[in-house]
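Below you will find the structure I want to go over with you.
Note that the chains are named A, B and C in the order they appear, and that numbering of residues resets to 1 at the start of each chain.
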């Protein structure tokens, strides 16, 4: 439906039934004149407002979205608005990274008796939207195809020579496999060529021989954990008859770098895995590489690599008969450049000495974030338009994410609810990325696997990094995956929020 | 310990004994008071009652001087003995946080004040009373350790006056209704402090000129209370309170029909006695009501 | 679907600024709309009949009414469509009165807006599904928290209706604040004489189980089926043996125990019965002051007790009760008035609170009913009462009126004159609030017949004058002059707040409370004894400062709600609750963690962990839906797809 052209803009409101909808009614009873633009959707509680609703509205043509609920402490359902406050503040601060002016989204608290205030809120917000004018539409954005190639500096020297304690690690795994209490131990082995690795499921001591540790054990082993635990549970059920007691499943072993362990800890925080279901083997990581960067250095993405050797900063790759030397500085993955936790902090076995980074070392901000920060709102929208044109909806980004435990029932594949449709539009493809980013807010450990997995090289991790920045600011530097007892910020609340400001639209 | 020092006009005139004893006591305790060169009137009663901007400008000028002086000398805080100067200097600094107000004040000054920092930091120093610095910065135990002639046997009523702890958000010192800093200081000197419920009641202030009858009545009430509660003397920290209670004690007596003979001493004079300083440092002879009889209780003879 | 759309004129309320006929015409073009019309008054009898007729005539399976706010008539029209044979949830409303016609006069804009709101309602209705209520059993038992007069009334009314009552009282005796009063306004009845019989009724009622010296520590479950944990404090006296003879009190040597019942106006013994009419009339030991329990010495009470009821080894005990409803009647406490430094901040012994004065007035009090100054025991001749100490004072964050202080101050002034005929009382007031029956007449009597001097103005400070009296300095605003009164005794009418620990109790009961510890009622005008938590009701001062008749009325009101709730053979659940699609649930438990009512549990279904909603507890907020990443849990009637339908109806690009 189109708005009354020339007079109105499309402004959508989500109002909680008990306070704000009542407040709007009170304003009506008092005949408090308001501009006509606003269209109100009634919800039982501001806590019902999934941030995806305002986001969908804004991406689909709304010029402004307003959410209003009971005042904190007065929620009809006692705590709904506490959660809403955190989630909607996240949304508001997230919007600029995709090129939407955050002033177009507002959330506030209006009680059922505050009719006059509701009038002021609606008038002020409508005026604000009119001053901003019609919102730029994503579908009409001019695509920008530039992608920054800048490399950030390494926060510590990286070493592609592997870890001398690898034999110790292998022995620890062999010893653990010996008594059969482990279903398997997952690690890495060489893949089809020396610069590609694949997951290694070690079940017998001989399997352990193939374990590698070095610049090529790139994949997140945390990603495989939930599936392997399920596998172990299923294995325990073999031969069990109905009515028999269910025997305990064997433990699953996992070899982790520092970043992998963060994924594991986040899974522990959310109680998605039991600490007793996993046995963690850890060793210090000296950095991993981007195979794309290696192949770019060689100059041939189809190069046939026959040998690789690494020492210190220098990697020597033999491809198609020619030797290429390259520096870790040029080929290390972006996440390794800024890594401050190369060694797991939660583990059952640790081989060798922990690799640490100085407490006061300050990593450079990610290049993609610096780039996006330098763009205007319209340019950012164009950037994402340009990037998402390439998306083929393979969902590799989702599949590579350790925190994505929904797997076959992912919201992207469902009609109930129908957030993402089959429409082959850039907006639709982009909406999936936004869902993923918001679902990971406060949970993303920055493992960067989504970026790595994307076959067409879209920097989808930037959206999660944006939520990460917001979470750090709102919740006193909170980092997901570092404290197994911490409650993820969007699954909790404080009655008084230190860092979430009050938004007084009517006092503009 | 080094403090920048703003004496205030009365220190050189009607409350010269306060100035003398303050300097002597600080010197004896090893506190260096660096008097601000070219200090001028803070504005006090006449200015603050008629024009906030003028009053603030007069104070701001001195605060600017202090800022510079403290930078050069390394003095850590700005001190003043007079509560009225204190209130004016503190209030001016409080108002100067507002950029618009600051701009207007700077226009009245020859040299504008140093500007606020990038995060709104205020370069003009905060002012503290000598009483506060002695109690909080120097420390009561340290003072007690230096007492050579305890005031044991003297019953003293501590009188704070209206300004020292009020208005609470600006003065930020002690309890606004029932301050106890001077009480504890006098106890540290060995004196017996009598409960004095009127310790923050108004003495009549500057009404002594336009409406002498009001000052007489209010001061009489204070003197009455001190007598009723059994005090041998009243300790004060303010030149105007002192003037009303001591210099104008006869006027109070006439108003109430009662003769008081209640000595009123500055707390610094009492500190000086307890620290064993020579009489020339205490200027006891400047007092209108002689403390001779009361001081005999602690075996101190002075020339009446 | 075949949807019928009805655009209401509401007389000229809507039709005045909205072209209703045009809106109806526009609606006929919407998908699935089989019939659209405008109507004069949809909620009137002919209006509703027309809807029913249209449903039958046009074979409609869903109805949209565009009229006033759903908060007013949604239940009305749901019943209408049910009468027409449809499920009552196949109905949506568009608010085109409060949100459109009443807030602007631009007919073109309003008509367009009304059309769009109708479109949104139609799109939602297209995704709506019929919902059915379920019935479940309830426990015919009620928990009453608090044994003050409100709780007592609620308990007696419920018990008389045949409902089992468990009353939990924190102190060792019931009676609350009313038991502390000497006399009550406006009749100057003896408080314990009128309350006493009710207290005895509670003790003797076969349907009431009285648990004194007990506190509620945990509540779980849902309306009709609450599980309550109650901690029974050790009294060190076996109440099944104690006869209340009082011999232990006479012999106890620890005579400096603070006396809470007497507002700390005088000491009592470590073992005591709080007051003569206490119910239960049983002794209890204060372990902090008992020499036997603290130091192992003494033991006199055990020796003299004729029934051997003393047990120094007694421990706290936790018991569990199953109840169907809960009445919170935890009462009030006086706020901490020592923030008023100008009144001495508690340092002056003869500046006391009204409750403390009440104990002095009481014949069963620490002075045997003789008004004595705490400092020297002398009889005061000049008594100053100061009203509004901690009420109506924004400077300390207490803007509200405590409701009954004007009345009890007048009563106390009257009683003072009765006790000490040659005394003079003064009352400093801001306003006199005497709204009840015979209230204003009573305050007038205090002024005219009892010679109490009423001064309209506040007191700026109280200063002891060193001669045993206090100089009270205030102002008489009617005369325009400052005043000073020399008082022997000063009584402060201290403002009230929720009882100590009210906030924690509210959290235990999952109800809301305000800054001052008062519990939040459902609706401040129309539902004063209900809360937004199903099955939990309020009575008395815990909901807001109120006098005895109002507390008693609320006690009966809460009882009526409980009786209404539990008298049904079974309770009906609201079907607008969350439902889990176990095919899509991965058992992550996020919904379980965020539900404010703990209405979701993890269950093992065929060996897999899945979330399951306890239907009777779910309040229908939808927080779980917004939390579930894959949308496996959906709130019926507000599902993601239903709300998305409204969003997509508005934003389509």
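Throughout what follows, contacts are C-beta pairs under 8 Å (C-beta built on N, C-alpha and C of every residue); 3 or more make two chains touch, one makes a residue touch a chain.
Keep in mind that this is a model prediction, so the values were computed, not measured.
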Once you draw an edge for every pair of touching chains, what topology comes out, line, ring, star, complete or other? line
Using CA atoms only, can you tell me which chain is the most central one in this structure? C
Taking each chain's centre as the mean position of its Cα atoms, how many Å separate subunit B from subunit C? 53
What's the distance between the Cα centroids of subunit A and subunit C, rounded to whole Å? 44
Centre-to-centre distance between subunit B and subunit A (centres being mean Cα positions), rounded to whole Å: 63
Residues of subunit C touching subunit B in their complex? 341-342, 344-345, 347, 463-467
Considering only the defined contacts, which subunit B positions touch subunit C in the complex? 175-178, 195, 197-198, 201, 225, 228-230
Going by the contact rule set out above, which residues of subunit A touch subunit C in the complex? 1, 4, 7-8, 10, 12, 17-18, 21-22, 24-25, 27-29, 31-36, 39-45, 47-50, 53, 56-57, 60-62, 73-80, 83, 87, 119, 137, 139, 233, 237, 246, 270-272, 405-407, 409-411, 414, 416-419, 439, 491
Within their complex, subunit C touches subunit A through residues 69-71, 95, 97-100, 102-106, 108-110, 112-113, 116-117, 119-120, 510-512, 514, 520, 532-533, 576, 581, 583-586, 588-590, 593-594, 596-597, 607, 619-623, 625-627, 629-632, 634-635, 638-641, 643-644, 646-653
